[in-house]
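Below is one structure, written out as structure tokens, with a few remarks after it.
To keep things simple, chains are lettered A, B, C and D as they appear, and every chain counts its residues starting from 1.
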Amino acid sequence: MAGGNGHEHTKWVMVIDLDKCNGCNACVTACAMENNVAFTGEEENAYGRGMHWLRVIRYWEGEWPNVRVRYMPMMCQQCSNAPCEPVCPVFATLHSEAEELNIQVYNRCIGTRYCANNCPYIARTFNWFDYEWPEPLNFHLNPDVTVRRRGIMEKCTFCIQRINQGEEQAAAEGREVRDGEIQPACAQACPTEAIVFGNWQDPNSKVRQLAQSQRGFKYLHELGTEPKVIYLASEKHDF
Amino acid sequence: MYGGYQGRYEPKTFVALYDDLDPATQALDVLREMGIEDRFIQVQSGVPWRPDLLGRPARPSAVSKYALIGAFLGFLSAIALYYGTPLLYPLYVGGQPLLSVPPGFIVIFELTMLGMLIASFLGVFFESLLPPVVGKRVYHPEVSDGAIAIFFQVPGHLAERVKQALSQTGAIEIEPAEGTFL
Amino acid sequence: MHATNLPAELHEQVEKLRKEHLLLDPRPREEMNRMVLEAMEDVNREYFIVMVLLGLVTLVALFGAWGYAMYKGLGVAGIRRPIYWGLFIVSFVFWIGISHAGTFVSAILRVFKAEFRRPFTRAAELMTTFGLAGAGLFPLIHLGRTWRFYWMVPYPNQRWLWPNFHSPLVWDFLAINTYLLGSTMYLFLPLIPDLAMARDKSTGWRKILYTILSLGWRGTEEEWRHLQKAIQIFAWAIIPVMFSVHTIVSWDFAVAMKLGWHSTIFGPYFVIGALLSGISAVGFILYMIRVSMKNMRYFIRAEHFDALGKLLLIISMSWAYFFFNEFILEWYGGEHTVKEILRLYTQGAVAPVWWTMVVCNIVVPWAVLWNKNWRRKPWVMALMGVIVNIGMFAERYVIVTGALSRNRIPFDWGWYEPSLVEISIAVGTFALFFFLYGLASRLIPLIPVWEVEEGHHAHELKRMGKGVVVSVAELE
Amino acid sequence: MTREGLTRRDVLKLAGVGGVAAAVLSGCGPLAKHVRRHPYHDMPEYALPGKSVYFATTCRECPAGCGLVVRTVEGRAIKIEGNPNHPVNRGATCARGQAALEGLYNPDRTRGPKQRGGREISWDQAVDAVAAALQETPPEGIAFLLGLAPDHLAELVYEITQALGAPPPLRFGGLAMMEARETLTQAAEAVFGQKALPTFDIARADLVISFGANFMETWLSPVAYAKAYGAMRQGHPGRRGVLVQVEPRMSMTASNADLWLPAKPGTEGLVALALGRLMAEVAGVEAPAPFADVDPAQVAEQAEVPLAKLEKVARYAVEKSESVVAIPGGVVLGYDNGADIARAVLALNALMGDLGKASRVFFTPPAGGQAPLPPASFQDVRSLVDRMKAGKVQVLFIHGVNPVYELPEALGFADALLKVPLVISFSSFDDETARYVTYHLPDHTFLESWGYQRVQVGADREVLSAFQPVVVPVFDTRATADVLLAAVQKVGGALAEAVPYKNEVEFIQKKVADFRGRNDGIYQASNPKLFWAFFLQHGGWWTKEATAEPVQGKVVKVGTDKARFSQGDLHLVVYPHPLLGDGSQANYPWLQETPDPMTTVMWNTWVEINPMTAAKLGLENDDVVRIVSPYGAIEAVVYLYPGIRPDTIAVPMGQGHTALGRWAKDRGANPVALLGAGTNAAGDAAFAGVRVRVYKTGRRHQLARKENVVGVYGDGRRIPVTKHEAEAATSKHQE
């Protein structure tokens, strides 16, 4: 509970309002800039080897002229029952007890890519090569985020470095983490405020309130993965 | 048994070669008739002959015991690995319990089998005392060509008599042999 | 033991039977020894050239390409999002399948005392060992960071961090390990008497080698008794291990939350598939041995191909049964993504591979193997070995890469094409397999002479009425 | 808060004082006028190793003027975040803003002052050259071509040109061309009586009818509009604003619309009039003049949109909406009747007022009462080119714009450049224009710069948004303002007296000094130093309260000329790439790598063709086609785009660079080459009046897409991907 003794577990949850999301992809760039996600160039991307941790899925619906588009930002859903975790032979991806997140330990990863096959959200990317940031482009690399080398998996972390910093800051000031204080890069950048991030255990948090919505759903919830990303379905007014 | 005797009573080792099972069993009968106990006789052959076909005492092989012990050790190591190591560094994955039963069967099965197989394999060599580390053992290379070699130990003074009796049974060759039986 | 006291008028029948059956056509042990050793020591120019070529191909295509992939990163392979497993895993499953040949021939046929197995148990067991050697490489090759492969091994370390025993890959690791060690020991045990034979019959470096390898085997009653006991234990124990290995390999796929993989029938389906490819590969190898090595026409005869052909037909039918089960139940379920996967298999881009599988694994075997005359032709069986293995390779290709290219999110579908590096490594493993096999064929007696002789002793021709029949004594 | 109040106020309340805001306050480091690079053993007090320092500044990747907070660690800029208190973007950023660090640290930046031929020169020589140019050239022979940002430089240059007696600087660029700002300004003057860019408060509108305005991509102030869009959709419990978009090609903005009406190009104005008439009919009011002149049925037929849909929209507007906003913009203003269309659409807003709907149009009050130097129209640029061609321009200074790339070849800017004896570029990159220059004197990127931007649109109050350097300059670059001021001092005399600033910072401090006296700002300062510190710390100055008030327009006359198009088979829509904008950021690898929202294509130029048209032409995805207009030809890769009229194709602007850097060069095609140099009545480019022919080349090029072609066009369409959304409506998830 908020204002409690501070020993409660935090449970970080993201709410994405698909009715607000306009598909602009600012989150994609923000994520890449925060998390040192490598760019791979045209040929590699044409081959399906983009490193995007976050992608905005776009579907065309209908036929001319009643064409519609739907967007759905899709990233690691930080499943409570994550299918990627048990299949890793070396515990490179596992559940962190502190943050209740699905974490990827780059140093431990040996690159079996089993987790990626088992992820129903196709949220994981693999470092096919060593990617470069030609100097001085590497100056903007975030010192809080490991730069990954070839042969390992990576994925959205809910910007765990920000969560940790925010929690440390709050602890140092002897207070609870305030709602909205910790934001992953995507939520922070989102121009339409479609992405909201917060602590589920805080009953007054914005995510908790938004999740009450009738529009709320979890993607592929029937698989029992218990994702920590809650989508709010988009509405359409039919003319 | 022969410890007190000197010189001509000293035991001597011979080998008699046969090319077929029947004369060989006959020869074994002869040896027994002449008072040579089974433990002073060793048969070597290029194919395995069942003891009852040879007329030799049948003893069960201890390899099965090795197998059982090995299986048990494999089982224990599986338990240790599957139910022990997660406790050393508890890491939770996929919402699964730290210690669960069904996947344990897989680990237990594999390691039990592995223990059993390795132990049986090693059992063969421990039980047969192979490879020979010290001493020379009796052997005749004709065994590789399908001969049945009967090695026997007789007190020196009886050697000639036994050789004579065996030559009646159709031995291809009877000659002195060197080395221990083991 | 051979026929005695048969009247002269049956001579023709007897001759016919002798010509047909190895075990009714005894030759002195000495001569068989000589024949086997002669085949083994026959290192001629052709052999040398072939081996050098195979060695070079292994070195360049397999290890060279592997080194390149390690140096550059796995991007040199054709895999891409979302098809994270490609030809490496396909080859892995394929070679695991091949490795089922030896155990099946040597263990199951031994347990059931199928006498025709005798001359080629070793040839098949060698396939197991070398098949596993090839298969074992792929989990390493396919790692993004091969140099960290040992993190999958449960070994004590200062952080007390052990492998994740929940992971099918660790089960895999354990199962393959058990199977590789088990089948290698199982290869070695019956080999000891033959190594002793070689020790007694050879000179020079071979003598030294076999002296070491035969571990002082003499053929005493004790030794035989322990050896036979151990072989018996192995023959029984390795069968469940064999089933477990391919079952667990199938679980790599079946436990995944991946449509097209998540199938309860995958265990037995994969085991049968492995037997199908393994048994058919035995036919191919026996043909190769028969035509390329001296004196082997005596040991490996039409009867063996005939027997293998029958086995193959049965297994092909079983495979078809499982295949049909797997397909129709998924199709009937009507889940959208699964239907897309099946559409991809049967009509989509994967269709050529899928139909190759159907033709090679069902149509061709059924069309050919019912015919005894064809079954008895070694080259036909060799060809069947190639065809069925193409079919089985195609099956694994379809399952691994086809299923991965369709998922629940159509936005992220994909398509896989193997890259040159992957193909090179896959081809390189074939070279490795044949290289190792070629090497082994000249280093260890390929025919278990003592087992053949035992078979000779066990078989007898008996007059019954107007004819001659075979009677088999139980010697084991 | 009153119903009439402006939405951003509640957004501010929601945003609260977040963590970033706290960080801003700690970012009071550079009180010194110039940042210095410190060795690690002698770090300034604020730069603790391992500790982040945040600096507030303003984004200059487009002229909107969004406030940024840049996280720096040990003297390196690490991450760009939105300034949560900034009235324009309220903490949000677009992809272009996010990627700005890749401009700062771009390895292909111009690393120092250069002469033609690439020979390096010293800054002293550079200043001498500029001084000589200012001194020795007759004033009417001096021309400045500036971009839309930054405003402080434009104002400084304006003072210099005034002192010299030279023509005032022209502000223009590719984005300005696509936005047709002059058209909109003139129409606003006619309808609302204010000669400025109107802001449409969509956040609290119940119905937004956008005529071509791609307001969530690049148009005027995209982040502010996106923020408002989010609020419009779900910002007010129980009320969900509805968006209708009228344009031939479904832009990203249109893709979010509840209804997309692909009207025939050039008829959008008629559609607006028809809608007005229908609304009046529904409301039972007699439609005023321009609306009464059209027959909706006839318009529907002409525009090829279903009349029933128009009627439904009209009914929704009248019966279900308390406020309706109609926005003209984007491609719709690019026809040669664009000025009429703008008037028609704005008149629709005025009509709404007559129908009793609340107005949602306001004008951002200019900061300090001083409007920024307005952008030039295309017409103005054309006359500059004519003067250059005629040899009347002896010295041309270019800053913040890359005309050789951004302007249509038909305009002949490159040829005209050759006629100018002395061209000085201040570009940070070796861009296309830099090849033609005599001197290339690279400016800092904005993250190394001082300055300010007067927010012109998108904010509900006066905003003077501040730039400050967040890191020391990476290369041997110098602020253009400093170069000009140094030259001015070198020239001395009357000029130096008229422009008496020692350097850029002093100029800015003088300019912002007046705001210290204001007591409606977010902070008060007792002395100039403190004010300057607050100014930088907050990322600018703005008023505490929103001061913009909704304005009521009046229905004006609207011409009904038909749009004229060039010869060709297919209409061509050229639009700024939602990520690369006008192409000035094409060398930022992550902007190239970020998938285009609509097509998910990265790293190349595609041409959007309706699948039906493609089938007719025998084209498939990934075919390379040659697009030929009367003015030029390009080659681009086919993308089968369901959301475009079959008689129209569209190509994004932004690629096709022949310079600029390793990631931009020789990539894709620049569709500006296809455009003519014609203008509409307001003097803006008639860039949408082009028709083209498309030829198959027989070659193929695989586009880098994030999507899977089979999945989204082929088999995947059979999978009901939205079934979970449907389910969600009935079964509520439980935690």
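One rule holds for everything that comes next: a residue touches a chain if its C-beta (ideal position, glycine included) is under 8 Å from a C-beta of that chain, and two chains touch if they have at least 3 such contacts.
Just so you know, these numbers come straight off a predicted model, no measurement behind them.
Enquirer: Just by CA atoms, which chain is the most central one?
Expert: Chain nearest the overall C-alpha centroid, as shown: A.
Enquirer: Have a look and report which chain pair racks up the highest count of C-beta pairs in contact.
Expert: Looking at every pair of chains, the most contacts join A-D.
Enquirer: So what's the Cα centroid distance for chain B and chain C, whole Å?
Expert: From the centre of chain B to the centre of chain C is 31 Å.
Enquirer: In whole angstrom, how far does the Cα centroid of chain A sit from the Cα centroid of chain D?
Expert: Roughly 29 Å, centre to centre.
Enquirer: Roughly how many whole angstrom separate the Cα centroids of chain A and chain B?
Expert: That gives a centre separation of 65 Å.
Enquirer: Round to the nearest whole Å and give the separation of the Cα centres of chain B and chain D.
Expert: Using C-alpha averages as centres, the distance is 91 Å.
Enquirer: Among the residues of chain A, which are close enough to touch at least two other chains?
Expert: In chain A, residues 44, 50, 57-59, 83, 86, 88, 91, 220 touch at least two other chains, as defined above.
Enquirer: Please set out, as single numbers or ranges, the residues of chain B touching at least two other chains.
Expert: 91, 93-94, 96
Enquirer: Which residue numbers or ranges of chain C touch two or more of the other chains?
Expert: 161, 164, 166, 170, 408-412, 414
Enquirer: For each chain, which other chains does it touch, given as pairs?
Expert: Pairs of chains that touch one another: A-B, A-C, A-D, B-C, C-D.
Enquirer: Under the definition above, what is the set of chain C residues touching chain D in their complex?
Expert: Residues in contact with chain D: 336-337, 340, 343-344, 348, 406, 408-415.
Enquirer: State the interface residues of chain C toward chain A in the complex, per the touch definition above.
Expert: Residues 72-75, 79-82, 84-85, 139, 142-145, 148-149, 151-152, 161, 163-164, 166-170, 173, 252, 255-258, 404, 407-412, 414 of chain C touch chain A in their complex.
Enquirer: Show me the residue ranges of chain C that touch chain B in the complex, using the header's touch definition.
Expert: 28-30, 33, 154, 159-162, 164-166, 170-171, 174-175, 177-178, 181-182, 185-186, 188-189, 193, 196-197, 199-201, 215-230, 233-234, 237-238, 240-241, 244, 248, 450, 453-454, 457, 475-476
Enquirer: Could you please specify the touching residues of chain A with respect to chain B in the complex?
Expert: 79-86, 88, 91, 93-95, 97, 226
Enquirer: Across the complex, what residues on chain D touch chain A?
Expert: Interface residues on the chain D side: 16, 18-20, 50, 73, 76-82, 89, 91-99, 101-102, 104-107, 216-217, 222-223, 226-227, 229-231, 233-234, 240, 242, 244, 250, 252-253, 255-256, 258-260, 262, 309, 312-313, 316, 474, 578-579, 589-598, 600, 602-604, 610-612, 642-643, 645-646, 667, 702-707, 712-713, 717, 721-722, 724-725, 727-729, 732-733, 735.
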